[in-house]
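There are structures below to look over.
You will see two complexes here that share chain A, one where it goes with chain B and one where it goes with chain C.
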Partner chain A sequence: MSDTTHSDAVFRPKPSLPPPPNTVGVVGWLRKNLFGGPIDTIFTVVGIWLIGTLLVTVYQYGIANAVWEANSYRECLDTVLPNGEKVGHSGACWAGVAVWMNQYIYGRYPDPEQWRVQLCLAILVLWLMPFWLPRVTAKIQTGLSAVLTFPFLAAHILLGGEAGSFLMLTSSLALALFVTVWLNVITSYAMNKSVGKLVVELTGMADKDDRLHKWVLLAGFAVVFLGALAYESSWDLVAVPTTDWGGLFLTLCISGIAIASAIPSGVILALGRRSKMPVIRVFCTMWIELFRSVPLITILFMAVTMMPLFLPVELNPDKLVMVIVAVCIFASAYMAEIVRGGLQAIPKGQYEAAQALGLNYWKVTTFIVMPQALKLMIPNIVGNFIGLLKDTTLVSIIGLYDILLMAKASGQDPNWLGLHAEPMLFAAGVFFIICFAMSKYSQHLERTIAGGYGRR
Partner chain B sequence: MAVIEKGGSSSGSSGKSALAFINDERFRSVFYQLLVGAIVLVAGYYLYANTAANLDARGMEVGFGFLGSTAGFSIAWSLIPYTPGDTYFHVFLVGIGNTLLVAAIAILTSTFLGFVMGVLRLSKNWLIRNIAAWYVEILRNTPLLLQILFWFLTVFALLPSPRQSLEPMTGFVLNNRGFYFPSPQPGDLFFLTAGAFVIGIVGAFILSKWATKRLFDTGQKTPVFPISLGLIFGFPLVVFLVTGAPLAFDLPTLQGFNFVGGGSVPPAFCALLLALTIYHSCFMAEAVRAGILSVSHGQTEASYSLGLKPSWTLRLVIIPQAMRAVVPPMISNWMNVVKNSSLAIAIGFPDLVAVFMQTSLNQSGHAIEIVAMVMLFYMTVSLSISLALNQYNKSVQLKER
Partner chain C sequence: MKKVNLLGLGAGLLAALSFTPEPVMAQESTLDIVKSRGILRCQVGTPAPGFYSLSDDGKWSGFDVENCRAVSAAIFGDPDKIEYQSVTSAVRFTAMANGESDMLSRTTTWTLFRDTQLGLDFTTVNFYDGQGFMVNKDLGLTSALELKGATVCVLTGTTTELNLTDYARTNDLGITPVVFEDSNVRDSTFFSGGCDAVTNDKSGLASIRAKAPDQTIFEILPETISKEPLGPVVRQNDSQWNDIVMWSVFAMVNAEELGMSSSNVDDMKANSANPEVKRMLGVEGDLNTGLGLGPDWAYNIIKMVGNYGENYEEYMGAKTVMNIPRKGSVNDLWTRGGLMYSPPFR
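And now, the complex of A and B:
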């Protein structure tokens, strides 16, 4: 017993030895990750050879032998390299891509009117910006107003010409909402209060009954709306028919509308499929299974060949409208299955707890179940959006000049006959950048909000 | 609505107010269903009335009678023999044959490539892992249609003419008319070899059952693998040689300006197959990677501590569990391959959509019938695959509680 109190008996570990020199630092990393054994080493050598060949090829084709200025494809091919040989197919003809660039992006939208496309893009970006501004309130309303009304405003600006009364009213509503959203942003940052509160205070109604506030706000909005209507009536835009729309702009147009419509329609269909009412369930299930099991191209063909039969002759719908409807139908069926997957993952206890609190079906769905289900499904939803963007290229098969058909068309232009690889590579690059950015952003979203519990 | 069995406050007060039945859950349920049913019926009738009026105005009739009339156009390439004198129904079958052929080959190749890429993405080698990751990222983030057009326009449309064909191996020829390969010509007694092959497979199956039973009963192992190999390949080979090797190959040969003999597929087929294989291999690779990662590391450690060697751990512990997570997304990918093979229309390969939904539809004008038939075909394929998938899911589900 007395031994243990003696200081010599206390366990004193020797200082630990340093790690073997070949397991740390650069050498250790190389050994662990690249040269772990003979097979590993062979793999690494093959990999280095692969990457090296690829990089050299890309450099030779895309930069060293590339032609940046020419007036025709023939000229590109006949350009003489410093070593005295002709370029031929050993170098890219970026000159052709540069000449066609405007068409790849805007299609045949007339040059002097292209500011309208840019304006629409700017409005959309500005409209959605409050999402990323931390001090602005009413984010949901902002998003909803953009999704529901922006297409009408964009349609009015892009189509031009004489707008019908429906388009005039809806697009003015959109403009008024957009102005309101930004007034809200400005007041939130300048005075730290929402625009609604400010209007109520300015009219001196702040100490009156809350029910009166609603009428004040409505009157305020009516003023903005009438202003927007008066302003839009004064527009004198040249009409640009949808047959002239094209390029990346058309691709984003179709996929944007499809993406925006997919979430609400998918949610409704998914709820319908899980409903306990047999009639609703059967209809929703039929819709989902039918449009999920056939290729998009058959739905597009159905749209352009059968839709004119289904609708009255005098309606005579625009081809672009029919295509957009077809893509939306397709998107809704896929989104419905994703949302259903999310709903199935929510434990039954959540429903029961919410019901025990006395919430009705719609409250249970909107406030308890759907937020959790959608959060869970963020990766799948974004994956579906990416798929939708890629699938939009199928409209080129039925003759809409999206970016892909424009890229193909540039190789059939007499001046640039045979220019195929370069436009395709350009289009591939554009798609890759958009899709890759979307998938990275979804991973970021997943980390920040889908985890949910750690961050508040 | 139906989640809550009884509409909260109203159930007790139904006698008090005349309007209380509005809050009754059963009444509401019936009402909503009648409403939806009525809307669908009215919409359906509206479409029907419009269609009837439009068809009347164009002097067309709905009916499948046109299927019996002569199609009259030629098809560039078909699996099922076809002549322009055949009927529209025959065109339909030709289209199905071509679609299923390209889809079946693409499924095999993309699954194989996908497995390789998925395993490489989990490699311990940093370089290999990253190469595989970028392969997947780049190729699955560009549209399939773009890839198909790229391969077709920049590779297969620029191949040399038949006289300057590429011939990587004797009998395998690649030129701008297509890809030519030797076609096997079985002799009279070849059926014996085929029969031996079938017997070998059945024998190997019975052997593996018997070996498992013997292992459980006596604890003794049987070398199943080499014996099965001998049964499946060795036995037919012996039969083949004994019967005098009754198999000849018809080699493609250059005659005039083109190759004759052997089998061939057009360049569009090659481009479509290549693009489908590469594009879908990325999704297969992701499925394989996610599946393998879904098996927790504890399983590996537990099986090592039981004394199983690494190859057994992989075969008996990891793969069976990973398959549960790999198979469903993989089969839905297979369905996508079938659906995406319809993009053949963009490069002129005569698949079902191209020959039936485009050419036949434009010629005959029977839009409704043709669209319905094509959709029915794709639905049949999809639904039967998903039925099989559900069966599989049921059989491998974790048996809990």
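And now, the complex of A and C:
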């Protein structure tokens, strides 16, 4: 029909056109995400206006009009801005927060003794450091020793004065354990062997029976313990009663102990509730249901104001101890249910397979079930811890000067009468930093240890 | 196995209770307990300016704190052997009942119910307060009776709110209460003109005014619509302790009446010919034996804590943020037309 047949008529696609200019680059991104249609546009404009107004207000209040140096709230109010007007309530009075900072952090803990609080923090950090040192062994023992005995060492250092024999022994034990943990770290890094092994080798017992090693190590530890006891007996620290503790230090003290105790007690209660032994099951169930059904503030009231009515006068329990015990009990009940939830997520086959291998109850629990369950529980546990940290502000109602009550108190100081928003903003910032750090660390934990069960 | 664990936990908790061994002998008078403890446990509230407030170096001070210091000075000859217990008003009476506090000195109104039904005794009055109104001067009001149809800011759930309703009904004022849960919100609403007047105890009004960006534009109206006699409280059935607290306050009032202050008390002790001064300062007689205190008890109070007027000026007077004038008010001495009156020291 025609002679237009080209023998070399091979299909060649045209080079693709560049995308329309309004769909690429900044303009394209804006069109796609912010101005996709009339509704999007309205939302975008309103949103930008809202954010902008907020930022400007925050900048005006917190920085531009803020007063950083003053001797009283009145001076803050009367500071004259460059435009000739007085600051009044248009700017924050950070000067008051700065003056009160020491109280927010340490409460009424005397200034010359505050190094003791810092020392305790340093010991705790050092004690937990081996967790992040890859070459150090015995991580579980390190963690347990810290959780179980550090509070006593801290109590001895922080309380000062004449320690009772119980506190003296437990805190010396804690110090001895701490020293041992760090000897272990040093030998692990310097000689690539654990401290136990080194002691055994040095005493020339390396080729003897294992049972003898145990005695050698025990004797070695006894020497360290006696040294610690002798050292602590020589302490001459000024007594600081718990009524003087306060601020962020007190908040962390209460929530730290509650958090540390929650996991072991929660695990015990959860296992107890699933136990086949009726007495233990009923006891654990009652404990959990009782303390979970009652608001924390009620438990605190009971512990602090009602308990002394029932106890003999001689016992005279310390208020802070009662509060810590109460918060620990409360935390254990919640943690128990979280752990139980994790336990129930483990398929029955895991138990049966483990039992078929001949493992007993404790081995099944410690080696098969718990490691899997704990991984699943991380988000819940950390959520619970964050909640617990914030719940401890309730202690302000029964008159413990935690950071929140201290923040309120600063606004009633005649010098700083009227200071209100600023300390609250500061306290909010502190809580945000701590909670956000906990949350981030939990995400990190999920990624590193949760393996296949982690976030996907 | 599990049982052992739980028992261990219980033992641990019990051990924790014995954290601070501090033996207190049972069945003794409060004075003996305080003496053997070596420290007075005095309950104040969460900070309230003028009455008891915490400073940025952690010290308690204020008009009601001076009562604690006076009792400590009378017993120990040292005004600072005190453990301040600061609890919210919700638990103030429980903390007395369970023996936690030895005395309470925290703007607590003396009422018949509290005096008879709570196992407590009110000792005496150290500050006569009463509910009043504060308004903006621009309104040109001179009396609370002119508050017809006004909106009044008030804290909810307090006797203040009830008094306001009663007063409005009695005088047919048609007041609209604007209620708040938080005092800071109430104050900022009032400052920004959200209500015509604010009502509270008059000492409280003074501290609200002290917070205002411009304090000169507010005035407190003269009417007092309720009686709020405030004073220290002790547990019932220990009349020796009641006497000690009561007469410590009287010592400060009487010292002012006799012209004794912290600066001239040494001179008075050495040179005064007034027999009442001599009896009070322990130069003559043995007034102290009935109280179970040393002969210097009143001298120590006056020397270390001061007389009533000195303390008033320090915490409530014209130089303070509270700025509550005393001259001619109910809190002035009876010799000057007030209600401050001490029974004689003889």
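Going forward, the second predicted complex is superposed on the first by the 421 of 456 C-alpha atoms of A that agree within 3 Å, B and C clash if a C-alpha of one lies under 4 Å from a C-alpha of the other, contacts with A are read in each partner's own complex, and residues count from 1 in each chain.
Definition applied: a residue touches a chain if its C-beta (ideal position, glycine included) is under 8 Å from a C-beta of that chain, and two chains touch if they have at least 3 such contacts.
Bear in mind that the values here come from a model prediction, so they are computed numbers and not experimental data.
Q: Here chain A is shared; do chain B and chain C fit on it together or clash?
A: Pair status: clash.
Q: Have a look at where A:Val200 lands relative to chain B and chain C in the superposition and call it first, second, both or neither.
A: Touch partners of A:Val200: none, neither chain B nor chain C.
Q: Per the contact definition in the header, classify A:Ala95: touching chain B only (first), chain C only (second), both, or neither.
A: A:Ala95: touches no partner chain.
Q: Where does A:Leu167 make contact in the superposed view: on chain B (first), on chain C (second), on both, or on neither?
A: A:Leu167: touches chain C, not chain B.
Q: Name the contact category of A:Ser275: first (chain B only), second (chain C only), both, or neither.
A: Touch status of A:Ser275: both partners.
Q: Touching A:Val382 in the superposition: chain B (first), chain C (second), both, neither?
A: neither
Q: Does chain B (first) or chain C (second) touch A:Leu252, or do both, or does neither?
A: Touch status of A:Leu252: no partner.
Q: Is A:Asn316 touching the first partner chain B, the second partner chain C, both, or neither of them?
A: second
Q: Scan A:Gly411 for contacts with chain B and chain C and give back first, second, both or neither.
A: Touch status of A:Gly411: both partners.
Q: Please indicate which partner A:Asn33 is in contact with in the superposed arrangement: first for chain B, second for chain C, both, or neither.
A: In the superposition, A:Asn33 contacts chain B only.
Q: Please identify the positions on chain A that touch both chain B and chain C, taking each partner from its own complex.
A: Shared contact residues on chain A (touching chain B in one complex, chain C in the other): 275, 277, 280, 283, 301, 305-306, 308-309, 312-313, 397, 408, 411, 420.
Q: Spell out the residues on chain A that touch chain B in their complex, using ranges where they run on.
A: Chain A reaches chain B through residues 32-34, 36, 40, 43-44, 47-48, 50-51, 275-280, 283, 289-290, 292-298, 301-302, 305-306, 308-313, 351, 355, 358, 360-361, 364, 386, 390-391, 393-394, 396-397, 404, 408, 411, 420-421, 424-425, 427-428, 431-432, 435-436, 439.
Q: Provide the residue numbers of chain C that touch chain A in the complex, in ascending order.
A: 1-3, 5-6, 9, 13, 15-26, 46-50, 53-58, 83-88, 90-91, 94-95, 97-100, 184, 187-188, 191, 207, 210-213, 320-322
Q: Can you name the residues of chain B that touch chain A in the complex?
A: Chain B residues touching chain A: 1-4, 8, 29, 32-34, 36-37, 40, 47, 50-51, 53-55, 57, 123-128, 131, 137-138, 141-147, 149-150, 153-154, 157, 335, 339-340, 342-343, 345-346, 353, 357-358, 361, 367-368, 371, 374-375, 378-379, 381-383.
Q: Using the touch definition up top, name the residues of chain A that touch chain C in the complex.
A: Residues 73-74, 77, 86, 88-89, 99-100, 102-103, 107-108, 110-111, 155, 159, 164, 166-167, 241-244, 265, 268, 271-272, 275, 277, 280, 283, 301, 304-306, 308-309, 312-319, 321-322, 324-325, 362, 397-399, 401, 405, 408-418, 420.
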